[in-house]
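Paired with chain B in one complex and with chain C in the other, chain A is shared by the two complexes that follow.
This part shows the complex of A and B:
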């Protein structure tokens, strides 16, 4: 490593709350070299984002204070400089990009103007010159038609293009350091690969130093030179990525690496196709040429016929009892709509869906009654899917009382059993979601799903919001439950690695259609379709020597397919 | 530009709305107890005279037929004759519309002039003394009814300090505006309390939000963060709030015009109700309803102009 460009020494940040001060960052020291990409890795609450905010003194709350340490840039300690001076550091020396480009870009301002704004303020040039520079930057970050796209508003672009725009805004003042805070977490894998490629190209062309904050060791392995592992505000280890990934010193780092879904150890546990399930006569789910269309909202009264958006276009699928099927695809692929249509939660435009022989279209009442009693869903956001005012026990009791499958006096006992099943202590019956961690809430959500004694569980991105170590635990829980309860599981995810480790069969969706399906190991080993291949190749592997997909051209901005532009939560 | 297409077709949707409004006002006005003919004749009323008046104004016809006549007249640009003033209601209204329109416009402008700086001040010192002061004032303001506020303003500014006229309306533009200051201040003080609360909340959320963080992270001074990013994004919900409050605002003009003796539509309405002047009451109610529809339409246009995401 060359001489350090930015040097952090003994940095401590303290939160002064009502019950005394809490140290959130504890004696942190690291260097960032010129042209280096440093990965800052850790789970939620590890202080990785806060560290980077502290570098430019952008504290998320006035209760947070830097209490000790120095951050040296160009020989001066920027924790001590005046407010005006730190402002000229922000943007000019250190640029930042964030996880969610949608909320960090101004929705009311043209993206070109947002890039030009920084140029005008920092370099004091006039509007025309700023515009010229902004056009140049737009081209650099991969906008194919800069002069036209200069005038676009953020909502007119896809998530990937928005992230490119935000990178453009960060680069507008030609900073030497770029802090990238989970820059690809909200993006689809193929788009993620493109954005990571862009960041690495920019490092080459501009000699940019990057601090990459991420929870995904695969991204670190693919893009970074060095890795720093953080936990509870402390630096556990720092070093060359091959050293840290190859011979992790700290047990926490070892666990983090072992939890990564692309690790061979986890792949090995993938279940072989279930023969006795396949031999059974009747499939549990039969989907035949299913179409789901939504009217496009906001259409004009006299603009001609109604416009529709096809979310699912002619999907046929059969799932046998006891099978675990993964549905993968990027945002807008229709995977969630398919699941909702299957559960009778969204109107079916055409085709047939039958659950255990009951057709949702022709025998709607009967099928719905059956579905409500024999299926359950686990949602993505564990906090929002639970009622914050109910204790876990009350929530489970409610389901059991409505189902009337358990006599009233036996309900407390059954609640205990359910908590045992999902690996929660029985005392959790008296707790409310707010006092629980994300992983515990998701376990409670699974317990609620199990309370109906379901034949089928549909899990929609149910681990996407969780830390990797917790993800691994939840996936293990599903594997265990499936074996013990002979559940049929429909596992919807954008993360192929998780599907690979859990599901026997995988269905790949793209633009509302099934492009490929088959036994998981076969699909992953020898994908037939180019799209599946691209999806698999785009997963950042934890092995640094398996490089990411080579760069693709920038995507067009897409006005015709709303599903693609707005995207679903990922 | 296709986002503005609704400006062309939306007015067509107004037709059924206006028809509904006319039916409701027509029927409700006739539910008011009392007989206009009796009121008109006063002490001279004899059964024969009452019958004559009723026949003259068509009040002896069944109500649905009266409504059809009303619609027919409306198509010819007439709203029927005022029983009290003996002239066509539409002509009567045109002579009275100016003070009310001026009052509403001045009130809205004044309330923005009051609300925007105060809300900004409060939001930027979130939790500080300025914030507490502004919140105290706005809570205070909500508590006081306009008629009381109007009287206090008259006592203080007109009677004590002799700065403004007690009542009435001027001759030329400057004089008219001078006469409008206290009445519009009365309405603006009430209206701005609602606006301050909405604007302050929106601004605080935006100041803490990702947008402001991103702007600060690229070194924008706090003034740029506030005026270029926080302010426009906070104004969007406030414009809609203002439109929703237009009905309340019109109700306010009725009271304020009465207190300040402004010869506007509010005053006309009050007098018409007391004298059971059906035609005038329903004419004024129609105009107020149309104004509400129109203001909401304008608010939609403004929202589309501010926010590129909105499609009507």
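This part shows the complex of A and C:
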């Protein structure tokens, strides 16, 4: 890299709260070269997003102040310039894109107009010319029909297209630096790969410098030139990606890399396939030609007759006791619906589901009683999954009391055991979810699942919302519990790397159908279906020399949820 | 008990709005409780010699057209008006919350039935419906409370129902379902406490509205019966003297405003405390 375009020196940001000041960013220094992609890596709370917001002085709270340091852009220190000047820096020099395009696009404004607005404001051109430039940008960020899609509203587009639109809005001001704050975290892997490719293309064509904030080392390895590792507001390590990933100096970085699920070391620890279980035992779960359909509401008045949307179309699956089965697929593939139908939480339209011999359709009462006492769920969002008004102890006590599995006087003791099992201190019995971290909440959620003494645990994206090191811990916890309690585990995830490290068998779903199923090793080593291959290729590998995606891969699969938009009749 | 109150007091102290509202409300409660001790005169004692006296040291708020001391009447009125505000809100709140919880959680036919019923109630002008119910039951405060309970619950039912519709899809509801918890347990123990904040805040501003409808009903002669001191009745009675003896309407009117202010400050503060605005 030539000389630095943006240079940050000794930046400190302090939060002045009621309990005195806290330093959130501590003496941070780094440079960004022209045309460079710099990855800022760290877990939640490491200050990576705050760093980038400080660069353009968009503080999320008035209690946050830059107390020291300089941010030099074009020879001037932008921490010191006037409010009017920083406004022209925002957008024109430094553009930003965020994790959730849905909340950062104006829902009442046409996508093209949102791009044209920035062009008019920052380049001072009239409406007609701005439109022409906006159309050009739409094409650049990968809208196939710019002139038609210019008039679309954000809700008419899929998540991936919205993210493209947001990149378009950021580009509208023709910035030299783009700050991308977890730009693909909310997207499916194949879409993520496309967006990352787009960012790299833009770097090539426009000479854009990018600061990429992410928690995923795979993304960094695939896209960035240099990596900066942050923790607790401090820069632990910065350097060329090959150096940092190859010979990490700091123990935290080493741990971060070891936690990445695509590492071969982790693959080795995957549970060995359980050959003998398959033949003799009766399957714990038998699903036969299952269909789940939902009425599409709000359209029936003029479209003539009720319309239905098929979430699960003719799925058949058997799970043996003690097996760990991963169900993977992108959003809208029907994997969560399948799980809910299996647990009797969603009505079944057609077909049969039996749990431990009890058919949910024909012997509903009996099957439900069995399900409620022998199965449990673990959810994606650890905070949403726990009642915010109950302490962990009260929550567990209630489950134990309702299930009547433990005599009343033994309940406190059992709560302690459950907390031990999931690796939480016993003091957590008196805490409420909001005072706990995401990982701790997830452990409490698992404790609740274990409180019923389940034969089967269904984990629905249960690590998707957690930091990588915490993800690794939770996956380890599952592996450990499975061994100790002889659990059957149905692990639903969009993250194939985690499924690969935990599950013996994998089921790939696409548009409500199973497209491929088999032993994890085999499916990952030699996928039979093109879709499975596209999914696997889209995982950003932590090895920078394994390129992301065969060019244009994955794009043959449309990213719209079928039926939801068109109201597919069945 | 005191251990549980300490954090509550801390939370209140950090919110000046809530503190001010609570102080104002407790002031009225104290006045109402101590009315026999504070009031210098009998509120219903008529005195022909003292008619329409302007405020003075002897009668700080003046006297009305029957020669009754307005200061004493305002103090005694606090008893009636606080009662109207509290009872007039309590029953609609309880009924509405229960109906809303059940309708929202069960959905389907139950929900449709309740919602159409609510639509029917809402189709009538509020006062007309109140008046017809009171006319059937006969005038008096008891009829007013019954009418209020029959009509006023609809807003609470709709508020809670909307919250329940959102909350029943939340993961901890699904978790409770998958753990075999019964419907009532999920509804009332897990979801309702998380849904109720908005209704609590609304009930505070509803107190003000009930107070005003109480006054309106009394003005029409169907609520509080003369000569009992009630602020709404007093305002109504003073109406014909407004140009000559302004004090008759002003002081009870101010009392209504101040009490209403206390309720809405408390409502705002509670909203902040319960995180309604977040």
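Throughout what follows, the second predicted complex is superposed on the first by the 546 of 570 C-alpha atoms of A that agree within 3 Å, B and C clash if a C-alpha of one lies under 4 Å from a C-alpha of the other, contacts with A are read in each partner's own complex, and residues count from 1 in each chain.
Everything that follows uses one rule, which is that a residue touches a chain if its C-beta (ideal position, glycine included) is under 8 Å from a C-beta of that chain, and two chains touch if they have at least 3 such contacts.
Owing to the predicted nature of the structure, the values given are computational and were not obtained by experimental measurement.
Shared-chain residue A:384: touches chain C; no touch with chain B.
Looking at the shared chain after the overlay, A:487 reaches neither chain B nor chain C.
When the two structures are aligned on the shared chain, A:91 is found in touch with chain B, with no touch to chain C.
After overlaying the two complexes on the shared chain, residue contacts for A:153 are found with chain B alone; chain C is out of touch. By the touch criterion defined above, A:403 lies against chain C but remains apart from chain B after alignment on the C-alpha atoms of chain A. Touch criterion not met for A:424: it reaches neither chain B nor chain C.
Within the superposed three-chain arrangement, the count of touched residues of chain A is higher for B, of the candidates chain B and chain C. In the superposition on chain A, A:227 makes contact with neither chain B nor chain C. Using the contact criterion defined above for the overlaid structures, shared-chain residue A:172 touches chain B, although it does not reach chain C. In the superposition on chain A, the residues of chain A contacted by chain B and by chain C do not overlap at all.
Residues 56, 58, 60, 87-92, 95-96, 98, 100, 103-109, 117-118, 121-122, 153, 155, 166, 169-170, 172-173, 298, 300-303 of chain A are the ones that touch chain B when the two sit in their complex. The touching residues of chain A, counted against chain C in their complex, run 340, 343, 345, 369, 371-373, 375-377, 379-381, 384-390, 398-399, 402-403, 445, 448, 451-452.
Interface residues of chain B facing chain A in the complex, by the touch rule stated above, are 2, 5-6, 9, 12-13, 209-211, 213-221, 224, 228-229, 232-233, 236, 306-309, 311-312. The touching residues of chain C, counted against chain A in their complex, run 170-172, 174-182, 185, 189-190, 193-194.
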